[in-house]
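Note that chain A is present in both complexes that follow, paired respectively with chain B and with chain C.
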Partner chain A sequence: MSSEHTYVKAPGKLITPTTVILALIVATGFSIIGYRLVFGLGVISNLSDGYPWGVWLAYDVAAGSAFACGGYSVAILCYIFNGWKYHPMIRSALVTSFFGYALAGLSVMVDIGRYWNAYGFMMPSRWQTNSVLFEVAVCIMGYTVVLLIEFMPSALETLRELKPNSFIKKLADFTAPKLDKVLMFFVVLGMTLPTMHQSSLGTLFVITGQQLHPLWQTNLLPLLFVSNAILLGFAVTLFESGLSAAGFKRPFEAEAFGVAKVVPIVGFFWLAVRFGDLIYRGHILTAFTPSFHMVIFWIETLLITAPIFIFLGKLNPRKLFYTALLLTLGGGMYRIDVYLVGFNPGDNWYAYFPSIPEALITFGFIALEVLAYIVLARLLRLLPAVHTAHN
Partner chain B sequence: MINPSFSGVASRRDFMKSITAVTALLGLPAAMAPKLAQAAQDEDKRPAVIWLHFQECTGCSESLLRSDHPDIPELLFDIINLEYQETLMPGAGLQAEHALHSAIENNRGSYILVVEGAVPLKEGGIYCKIGGVTAKKSLEEAVDGALAVVCLGTCAAYGGIPAADPNPTGAVSAASLVANKPLINLPGCPPNTYNLPATILYFTTFGKLPEMDEQNRPLFAYGRRIHDHCERRSHFDAGRFAKAYGDETHKAGYCLYELGCKGPETFANCSVLRFSDGLVWPISIGHPCVGCTEDKIAFHKKISDKAQVYHPASPSWYPPSAVEPQGKPVGAITTLVVGAAAGAAIGYAAGKGKSLPATTEEGEDHEKH
Partner chain C sequence: MKSTRRRFLQTAAAGIGLTALSPTLSAASEAKSFGPDEVGMLYDSTLCVGCKACVYACRSENFDADSSSELDEKALAEQRWHDAYELDYRTKNIIKLYQNPDDVNDFAFIKRQCNHCQSPGCVSACPVKAMTKNPVTGTVQYDKNICIGCRYCQMACPFKIPTFEWHMTFPKISKCELCRQTPKGTPACCRVCPAKAVIYDKRSILLAEAKRRLAENPDRYINKIYGEYDYGGTNVLYLSRVDFEKLGLPNLPNYSYAGVSENIQHTLYKTFNHVPIAPVALYAALAAVAFVQHKRRGKKDAGNEAKKDGGEK
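Showing the complex of A and B:
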C-alpha cells in the first residue's frame, strides 16, 4: 500500500490569519507560564489547598488526555476490530494524540508547586510505586514517547523526499525500514498504556471518598473513565475530520461515517455502566432530587445520550460534525464534573473557578495543539486521501 | 458544736447509693455491692487510715472534701476509720502528735497509710519538719507499722512540684522511700476523688491490692488513655485544632492538641469520671491536659509542648482548619470573561460546520464506497 494514495498534505499556506491569531494566544499563554514559574502559583491562580487541582488538571489532563485518545480509539478500531479499513484516519488522530498528551504533561509541570523537584521523577530511588498518580505519570510520559514513535513514519516519509544527497534524507532512509519492523510493538504498547492510565485518572477520584458527590463517586470510576476515553477518542476524531474538511476546504472523509457507527456501541456500554452503577449504589433517586448537581448531571447525560442516538440514524457531514461536537462537550463535561464540579473538599474552602491567567494558560495549550495540527498537516502527509463518489 | 453536715448520720439509702457507685467504679458486678457495704459497715473491718502531709499544697485533701459519692461524712464515718489527718482534725500541737503516735501503736500492722506530698532530703531533710521531726523520719516511722501505703497525688507518687527543677530542697517522692510494704500510687494533681475510696474499699473487701501497672497505679483508674476517651477526640480525628486561647477555634471547642494537650500520652480516668461530681474537668473548660498522672510529663514538660501521639497514629498533616472559607472566591467578571472566551472558541468551531454539506446522499455514497 503506497502511502501517497492513502495520505495527502493539507492545502494552504502556513501563515494565515488563523495561524497568526493562534500563535498570539500561544505566546500569551506561555508568557503567563513564565510569570507563574517565577512568582508562584498563588499569584496567578485561584488554586488553594482545598482545590489543589484546577482547570489545568481537570481540563488539560483529565479531559485533554481523553480528547487526545483519538489515536487510542482509532488504533483499537483499526488494528483489533476492523482489519485496516480505517487506517487512513490514524495519522491525524496520532498527531492530535501526541500534542494532547505532551501538553497534558506540560500542564502538570505548570501545576506542580515545586517544579524544580520534578527531576526526582526520573530517579527510580524516589519512586513511590504504590501511588496512583505515579502510575498515571509514568503511563502518560511513556505514551507520549510511544505516540511520537508511532507518528515517526509520516515524518520520515516526508524527510525521504528531500534532496537525494542530504544527510537527513540518508538518515531517514536508514531509519525508516528498521522502524517499520519494530513499529507493531509500539502500536501494541500504544493500546496498552492508555487503558492503564485512563482508568487510573478515574481511580484518582475514587480515593477522594466522600469529597466527591455521590452522583459521580463510585468504585467503577476507572471503568467509566477508560470507556469514556474511547468514546471521546471517536468523538474528537469525527469532530476533527469535520473541522479539517471545513478548515482546509477539503471534501469530507468517507471513513468518518463508518467510525460514527461504532460510537453507539461504546456509548451504550458507557450509559449502561453509568446508570447500572447509580441503581446498584441506590443513588438513582439522587439524580431526580432537585439540586445544582442534579442539573449538571442531566446536562452531562443529555450531551452524551443525544449524540449516541443521533449516530444511530442517517447522517450527513454537517450533522455528523455537530453531533460529534455535542458528544465531545458531554464526554469532556463528565470528566470536569468528576474533577471539579462534583468535588467538594469541605466548607472551609471557596468554590473554585479558574482565574483569567489560569484560563489563558489553558487557552494557550489548546491553541498550540490546533496550531501544531494545522502546521503539520500542511507540512506532512497526515490527512486521508479523500475518496469521492466519482473516483 | 458539731457541724450538722458532719453529723455522721447517713441514710441507708444514701449509703447504698455511694457503695453502688464505688462498686461500679471498680468494675465489679452489681452483686458485689452488698459485700462492699458489709466491708464498709463492719466496725472491726472498717480500715484504719493514717494520713500524713509533707511538701504539698493540700489540694488532694481539698478535692476529696468536695467529693459527693461518697461525700466526706460518709467516707469518714461509714467507709474508713480516719485516725489521723492534719487538715481535718481539730487538735493541734503536742496533742496532735500524741494522737499520731497512739494511732500508729494502736493499729500497728493493720492501718493504711495515706501520704500526701514529697519528702525533702537535702541538708538532712530540714526543709519539712513536724513536731521537730523531719518528714523523712516521720514517714519511715509511719511506714514501718502500716499494712499498705497509698501515695496520694503527684508529689507523693513522683515528687511533683517540690521535686521540679531546680528542686531547692532535694525533694523526692514519698513512694521512693517506701520499702518492703505494698505500695499504691494514686498520682494526679489532684487525683480523681473517687480513686482513693475505691482503692481502700477494694483492699479491705478483697484483702489484696487491685491490679496495677508498672508504676503501681491501679488499672481501674489509670488504665485508660485520656485521648482515647476524650470528648474532643472527634475534632482531633477531623483535624480541627484550637490555635490560640480565646480565638474562634478555641471557642468552637476544637481539639487542644496543638495547645500542648498531653492527653495522647497520659493515662487517667479524668475523661471518663471528671471532677466536681462529674461536671467538669480541665479539657471540658478549654485547658489542655498537663499530664499530671505521668511521672515525666507534668512539671517536667512545658504545658505548650506538643504531646507524642502514640498508636493509633493520626495523619501527620491536616488541611488547615478555618472557620472562614479559605482560598479565593469566584469572581463574576472572571467567570464572564473565561466563559465568554471558551464559548467563543466552541462557537467558532461550530461555525465551521456550516461549510460542510448537509445532504444525506453524499454521506450514503461514502458509506457505500
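Showing the complex of A and C:
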C-alpha cells in the first residue's frame, strides 16, 4: 500500500518571521519554567490552597488534550464508520494530537510540586486504582506512546528517501514493513485509550462535590467530557485544514466538507445529554436564574449550539473555518468552566485568575506546538495531496 | 402527580442513555462502618473560649524547620504565632470566630483541622497512595516520600483541609495527622486545651459522649452532631450552639463524594481477574469493526491498484 500519492510535504522555508516569533515565545515560557523550578510555584502563579489547580490543568490538560483529539475523532470516523474515506486527513491530525498530548504531559510535569517522585507511576505498589487521576495519568502516558507509533510511518517514509546505502535508510527500510503489520493494533488502542481518559478528565471533578457549581457538577461528567472531546476533535481538525490551507497556501481539502457533516450528529447528542441531565437533576431553572454562572453557561451553550446549526447548512471554506473556530472555542470553554469558572471552594478564597507568568508558560507551550507542527509539516509528508475543494 | 412526572422524566432520561450511571448514587450512600479502635476528636464549640492555645501547641508540635521561612522560626522562638486566617502549610489547626453582624453577643468559635473522614476524598483522589487511611486508628496520613505534589487531594477535600507549601522549591502537602509522630498518643491540641473543649478518644466513646451532652443539655446545642453521618461520617465530631454552616462546616450529604466518584470508576472499570472488562470489550469491538473495514478496503484497493502496488505490501 503506497501512500506516496496520498500525502505531500508543505511548501515553504523553515526560518520565517512566523517561526522566529514563535521560537521567542517558546523561549520566554521556558525561562519562566526555569524560574519556577528554582523558586517554587507560589512566586510565579496565582495558585492557592483554595484554587490548587489553575490554568495549566484547565487549559493545557483539560482543553488542550481535547483540542488534540483530532487523531482520535478522525480515527473513529475513518476506521469505524466510513471505511477509510477520510484517511488522507489522518496524518496531520495525528501529529497535532501527538504534540497536544506531549505538551499536556509536559505542563503536568511543570505543575506538580514533587515531580521527582513521578516515577511512582511505574511502581505497581504505589498504584492507587481508585484514583481517577491515576487512570488519567496512565492512559495519557500510554496514548502519547501510541500516537508516536501511529506517527512513525510518516517519519519512516521520509527516512527511506534518504540517500541509498545510508544506515538510517536501511534501518527504516527494515522497520517500515514490520510496523505496517502491527500498526492496526496500535490504531485500535488509539481509539480505546482516549475514550477512557477523556471521560475520566470529567470524572476527575465528581469528587469535588459541592465545590463545582450545580450547572456543571453531575455524575454524567464522563459522558459529557468524552463526547465533547470527539466534537472538539472534529472542530479542531476542520479549523486546522483551513489554517494550513491559508498558512501553507494550499487549496482547501475536499474531505473537510464531509467531516463537517458529521459534527451535528455528535453535537446534538452532546446537547441532549447536557440539557437532559440538567432537567433530570432538577437544575434546569438554575440555568434561567440570573447570576454570573448563568451568563457563562449561556455563552458556552451558544458557542456550541450555533456552529452545530451552521454546519447543517451550506458551507464554503471560509465559513467552515470560522464555524469550526467558534465550536472549538465553545467546546474548550465548557471544559474550562468545569475546571475553573464553575469551581468555587468557598467564600474565604479570592477568585483565581492566572498570573502573567502562568499565562506566559501556557503561551510558550502553545507556541511550541504550532512551531513543531510547521517544522514537521515542511519536513515530512503529512498533508493530504489536494483534490481541489469544490462545493 | 409528582411521582408520575418524575417517572416520566426518568424514562425519558433512560431513553437517551442518561441513567447509565445512576446506580452509582444509591450504592454510594451505604456508609462504611467505623472500626472499634478508630480514634478521633470531639470539639464542643460551646466550651471553647478562643484562647488559641491549641493553635500554638499544634504549630510547635508539628514545627518543620525544613519548610519554615526565617520569619516562622523567629516567631516560634519568641513564642508568638503569626495571625493565620486560614489553614496553611504551618497551620494544621486553626480557631475561627463566627460573629453575627447584627448582634455582638451572638458569636461562636470553631476549630478547623482534618476531620479524618470515613471515606476520605483525599485518599480516594491521591494517584500514588501518598494519602492513606490507617486501617486501625482511622487516621488519615500523608507520606511525602511518595507524594508527587499533584494537589488533587486539595481539590477533593470538601473541607478544604490539605495545604501546600507554595513558597518552597521542594514543596509538600501539609495537614493534621492527629500528631502521629508524637509518642505521647494524645494530639497536642487536646493535651493543652484548658477548657476541655476538644478531647481525644476512640470515636465510639466520643460519639456516646456527644450524645450524652445533647441529651443532658438540649437547650445548649442545636440538635446535631456534625460528623456523625456527614460526608459518610468523620472521626472528628462537632457540637455547637450555632448553625454549622455559619461556622464554615459545609452542608454535606450523608455520603462521601469519594464514594460517588469511585462508584463511577468501578462501574466503568469493573475488573474480572484484574482485567478491566469494559475497556477490553471496547477494544475488541473497535478492533473487529476496524478489521472488517480494513478487509473491505483491501478488496477495493486490490481491484483498483493491483497493477500499481502489486509488489509492495
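Everything that follows uses one rule, which is that the second predicted complex is superposed on the first by the 387 of 391 C-alpha atoms of A that agree within 3 Å, B and C clash if a C-alpha of one lies under 4 Å from a C-alpha of the other, contacts with A are read in each partner's own complex, and residues count from 1 in each chain.
Here is the rule we use: contacts are C-beta pairs under 8 Å (C-beta built on N, C-alpha and C of every residue); 3 or more make two chains touch, one makes a residue touch a chain.
Bear in mind the structure is a predicted one, so any value in this text is a computation, not a measurement.
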Chain B and chain C placed together on chain A: clash or fit? clash
Looking at the overlay, does A:A246 come into contact with chain B only (first), chain C only (second), both, or neither? first
- Message: Just checking: does A:F121 make contact with chain B only, chain C only, both, or neither of them? Give me first, second, both or neither.
- Response: second
Figure out whether A:N316 sits in contact with chain B (first) or chain C (second), or with both, or with neither. first
Margin query: In the overlaid three-chain picture, which partner chain does A:A254 touch, first (chain B) or second (chain C), both, or neither?
Written below: first
Going by the contact rule set out at the top, does A:V20 touch chain B (first), chain C (second), both, or neither?
neither
**Asked** So, does A:L41 touch the first partner chain B, the second partner chain C, both, or neither?
**Response** second
- Task: Have a look at where A:P345 lands relative to chain B and chain C in the superposition and call it first, second, both or neither.
- Result: both
Partner touching more residues of chain A, chain B vs chain C, is chain C
In the superposed arrangement, does A:D49 touch chain B (first), chain C (second), both or neither? both
Request  = In the overlay, answer first, second, both or neither for which of chain B and chain C A:I168 touches.
outcome  = neither
Superposed model, chain C vs chain B, clash-positive stretch out of 235-243, 253-261, 271-279 or 289-297 is 235-243
Dual-contact residues of chain A (chain B, chain C) 47-50, 345-346, 348
Touching chain A in the complex, chain B uses residues 319-331, 334-335, 337-338, 341-342, 345-346, 349-350, 352-360, 362-367, 369
Within the complex, chain C is touched by chain A residues 1-2, 37-43, 47-50, 52-53, 79-80, 83-84, 108, 111-115, 117-118, 120-121, 126-135, 137, 177, 180, 184-185, 187-189, 191-192, 195-196, 199-200, 203-204, 206-211, 219-220, 222-223, 272-273, 276-277, 279-280, 345-346, 348
Per the touch rule above, chain A residues touching chain B in the complex are 46-51, 239, 242-243, 245-247, 249, 252, 254, 256-258, 314-322, 325, 329, 345-356, 359, 363, 366, 387, 389
Contacts from chain C onto chain A in the complex sit at residues 9-10, 12-13, 16-18, 20-22, 24-25, 85-88, 121, 124-129, 144-152, 154-156, 158, 160, 162-172, 248, 250-252, 257-258, 260-262, 264-265, 268-269, 279, 282-283, 286-287, 289-291, 293-294, 296-297, 301, 308-309, 312-313
